[in-house]
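We call the chains A, B, C, D and E, going by the order they appear; numbering starts again at 1 in every chain.
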Amino acid sequence: MTDSSLVVDLAFWGCAVVAVVFGALVFVVDSMARATYALAVSFVATGGALLLMQQSYLGVIVVLMMVMEMAVMAVYMVMFMGMNPALMPMSMVHSHRTALGASLVTFVVLGSGAVLVPWPERRGAPSPDVTEALGRAIMESHMLVMMAVGPVMVATIVVGVALSTARTRYDRLGDDLDQTPTDPPLRGETQRGGRRRDR
Amino acid sequence: MTVETVLLVASALLSIGLYGALSQQVVVMVMMGLELMIAGVLLALGGLWWFLSPDPSGQVLLLVVLAAMTVEMATGFAIATLLHRRTGTDMTDMAAELHE
Amino acid sequence: MRGRVVTLATARPRVYVVEAPGGRYVRAETHRELDRRGWQPAPSPASADALLIAGTLPDPLRAAADVLWSQLPGPRARAEPTAVSSVPSTLDGLRACLRDRAGQLADRRGRELDEATRWVRSDSARHDETDHDDMDHDDMEMAPGGLVLAQGAPDRDGLEMDALRHPLGPLLDRWPGGLELVTTLHGDVVVEAEVTWWEPPHPTAPPQTGRADDLAGGWDAAATVLSLLGDERQARLARSVAPSSPEVGDRVLRRLDRLTRRGALPRTAGEVLHTALADSVPALISDDELVELVSGRDLGDVRLLVAAHAPLLQGVVDASGSLDD
Amino acid sequence: MTDPLADQLARLPAAALGAVLALGLVLVLAWTASVSRGVAAGRAVPASMAHAPAEAARLLRQGRRTTLSADRLLWRVGGWGLFPVAVLLIALVPVGETALLPGSLGVVWANALDVVVWALVWLLGWGANSVAGLVGGYRFLALALGYELPLMFALVAPAIAASSLDLAVVADAQSSLWYAVWMPVAFVAYLVGVLGFAVSGPLAAPVGSEVSDGALAELSGPDLLVVRAGRHALMGAGAAIAVPLFLGGGSGPWLPDAVWVVLKALLLTGALAWAAGRLPTLRTHQLMEPLWTILLPLVVLQDLVVAVLVVSGS
Amino acid sequence: MIALAVLALLLAAGAFSLRAVGTALAETRSPVLVLPVASGRVPEQHALSRYHVRWYAASVVFLAFDVEMLFMYPWAVVVADLGTGAVVEMFVFLAILLAAVAWARREGAFRWA
């Protein structure tokens, strides 16, 4: 089928082992920063595996997006972890046994499915330039995807900002939104409103 | 590198993510588990695309999965911040009583 | 070969200049001397070659100077000039000490590899007499490495996060000598601050008196602020301002105004520098006004504000007795 | 990707030579950046040229240091990772006919490597368990959120004009008119991005000297030398990537293509480092809003203009 | 692929030799363990703590906006052939996202919380 040479096999198994080992490390290691960046390395390895399967655009986009998201996630991990994020043993696990059992069962089921199912031969060949074909697809045949993702992203921004911030526009600009905001709020001043420009 | 091995690795990632999602108490760690599961799904889809039907629409699906993962993260962070502000902690079991 | 590398390495040593209480004039002269030699002052003891404490240290600050000395890495030298005239010879002595290979080898051999734990143990011992001593300092769980973990505190934003108590001063570069401002930090925002002043052993007589000295204090503050902003060229210019060269002063003044307009410098810092340099003598600032000025601010802004208000702080005035005309 | 092993090994000597040249180019660009940074700080040119070797000797002779309960693994990864990222960026640049790391997605890989700097500088600040390091590291992420989107849209503009994400194709498509000429806003936004991931100029708050050099606060000896060299190398690499994107790659009279690429990279690095030395460092919480509400819409508008011009066939 | 391997080897060799020169010149192998710098005082607590990030709202806006980049790169490659339809579609997408950014600005998302 595919004339995958020794180099590709070696590279694939390298990426696979790194992805799985660092994925497991995420829940083993005790510092928050190390857990997050272990996941980042696991994603980079997954991106590498995608690269090996001729999906150059998908591979590099996974690396690009995931490194950014893990950098942001590390900050949230540190903010919301109960005790000290780097120096405390992370024993925040409950129902360890059932979780382990469930994951092993899933692995056995999916693994055997992957190996035993007689996968059909490949139909059709990948187009010469996958990225261009992808671009053409999202613009013509799958324009619906583009039309749907836009509003979903706007909704995400509105939901994200509305849920996470404490001071809304009425706190900053006064009830009829006409005062100049003082950012950040002055000490001893309530959350609502502010008069002078940034000091 | 055959479709079986790729799917095997993908299912390994997925099951590690499942373990994390089920066993962790903190909202953010559960999200880490979810992301690892989505990584497994991503790898599986990539493998199936390459070995079975390499036409562009499969790639679009992968883009949508990536977009979904980012949306999940953004809203997850917002909810974690909200939980932390409301209850001063974000243990998943205490988050059940949002009303108090 | 090694000799040539050592001479090249010590061509321009990086000196960490710290002002002791009442050592304003010696420190200002040290900075001018460093400008003349083209030696860039070190931004932190971590990458410094030499530690220079300008002025005489009162006894309570001796331990702080030793902690600072322990934080210098490899080949290191130390000096405490107390007179303005002795600054050039002190700097030459520092360079000679850095080049003395035998002396540096002895210093390294005599130094244990773990300089942190002895300070933490002696510090926590000192805490024990004052605090309730049922808190067991040494168990690994509560205090890894001997330091306790930061505790949570409510915040103006409604998120309960850890608060850090971080001291600015007493021995910090580009910082008024003797001022210790212990800030409570939520993230990088200073929420509260406590001011303590360390008195000099004996009040130092200012070399100039009256109006000229007051202006020099203003230019020194301007130079410090420009150096804190990373603008070394203008800082050197501000340090070289002499009553005989007003046009240099105008260039620095225009630069400060531009920085304030562009938002690189907090507005209040820009205003007070302008008034100090232009004409009137602005009012002195008490400790409470300093705490009020500093609260709710970013940690970087706090250092800029304190540097800009340095000649007006009550403690600095008492220490150097400069403004009593 | 599926050519057999023998073919890969056949290309070993060429790859080795290319790698050494790339490393040499990065070192020369980093040195140019440090010289023009010295000139901008008011030192004479010979003194600025001698500064880098003297400082390297001083830092190499200096001992190394670690702080109490520091996360040393992440700290060292953050510090020693900056220079390799710059070398990988340079390897993407097509010097002569092909780049050391050719690929149809050079633009996207350049973007992915810029993003790795996010992780590295935050880890550098986080690792040292010191207040100054943390303040510097978190300031960097705040600025990164600000400069990253304009940088991405600035990278897309040449790709739209050349209808390709391959740096060599983008460079060849500019034979008539350089993209920097008819995409000025994208060029400026890209340079702001370079100042961003090289942590210098107006975006140098993460290593601001008012928080005693922020993320670099606890570094000494070789660790500090590698980070400083890494920052200058990133400035040089960013400028080198701008050559095929905005300055027409190897095109130019008299000299061969390769020489033009290196010459343009050197000139742009010098100019950028000099500007970074002269521009004041702006405060992070003052800079977030302008980056999001002024620079980002302008770059999106620039992309619209480019797209309309391309579609209308001019 | 081979170029990447050679580069990695070269960089590793460079780093190793730099460390070796450093150890030789400084005549010491192990780093000295010191207190983090706190103006001469012993730090009162570990700096590594739950650091209050003041710009968390901006990170949420960034994550949502960044997804748009996923579609921007492939679109850039094909926009010349597909004509104005593609341009209109992408920039409608961008316009509503920029509207959301303007809304977030008014909410104070890009200000220190």
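As a convention for this text, a contact is a pair of C-beta atoms (placed from the backbone, for glycine too) under 8 Å apart; a residue touches a chain by one contact, two chains touch by 3 or more.
Being a predicted model, the structure only gives us computed values, none of them experimental.
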Task: Given subunit B and subunit C, the chains that contact each of them - done: A, E
Task: Labels of chains that are neighbours to subunit B and to subunit E - done: A, C
- [ ] Please strip out subunit E, keep the others put, and tell me the connected groups that result.
- [x] one piece
TODO: By CA centroids, point me to the most central chain in this structure.
DONE: E
Task: Chain pair whose interface holds the most contacting C-beta pairs - done: A-B
TODO: Averaging each chain's C-alpha atoms to get its centre, pick out the one most distant from subunit C.
DONE: B
- [ ] Just give me the whole-number Å value for how far the CA centre of subunit A lies from that of subunit B.
- [x] 8
TODO: Please work out the Cα centroid separation of subunit C and subunit E, and write it as a whole number of Å.
DONE: 32
Open item on the list: As a quick test, compute the distance in whole Å between the mean CA positions of subunit A and subunit E.
Closed with: 14
Open item on the list: Going by the contact rule already set, what residues in subunit C reach two or more other chains?
Closed with: 5, 9, 44, 46, 71, 73-75, 108, 116-117, 120, 144-145, 147, 149-150, 157-159, 161-162, 164, 166, 172, 187-189, 266, 298
Task: Residue list for subunit E, restricted to those that touch at least two other chains - done: 1, 25-26, 28, 32-35, 37-38, 43, 46-54, 56, 59-67, 70-71, 73, 76-79, 81, 90, 101, 111-113
- [ ] At least two other chains touched by the same residue of subunit D: list those residues.
- [x] 1, 8, 60-65, 67-69, 71, 108, 126, 129, 131-132, 138, 141, 145, 148, 165, 212, 217-218, 221, 285-286
- [ ] Could you run through all the chain pairs that touch each other?
- [x] A-B, A-C, A-D, A-E, B-C, B-E, C-D, C-E, D-E
- [ ] Sort out for me which residues of subunit A touch subunit C in the complex.
- [x] 79, 83-84, 87-88, 166-167, 184-187, 191, 199
Task: Residues of subunit B defined as touching subunit A within the complex - done: 1-20, 22-29, 31-33, 35-36, 39, 42-43, 46-47, 49-57, 59-60, 62-64, 66-67, 70-71, 73-75, 77-82, 84-85, 89-91, 93
Open item on the list: Using the touch definition from the top, list the residues of subunit C that touch subunit D in their complex.
Closed with: 5-6, 8-14, 38, 43-44, 46-47, 49, 71, 73-75, 108, 116-117, 120, 144-147, 164, 166, 172-173, 185, 187-188, 227-233, 236, 259, 262-264, 266, 298-301, 303-304
Open item on the list: Under the definition above, what is the set of subunit E residues touching subunit D in their complex?
Closed with: 1-4, 6-7, 10-11, 14-15, 18-19, 21-22, 25-26, 28, 31-38, 43, 46-48, 51, 53-55, 58-59, 61-62, 65-66, 69, 72-73, 76-81, 83-84, 87, 90-91, 94, 98, 101-102, 105, 110-112
Task: subunit E-touching residues of subunit D, taken from the complex the two chains share - done: 1, 8-9, 11-12, 15-16, 18-20, 22-23, 60-69, 71, 80, 83-84, 87-88, 91, 100-101, 107-108, 126, 128-134, 138, 141-142, 145-146, 148-149, 152-153, 156, 159-160, 163-165, 212, 217-218, 221-222, 225-226, 285, 288-289, 292-293, 296-297, 300, 303-304, 307-308, 310-311
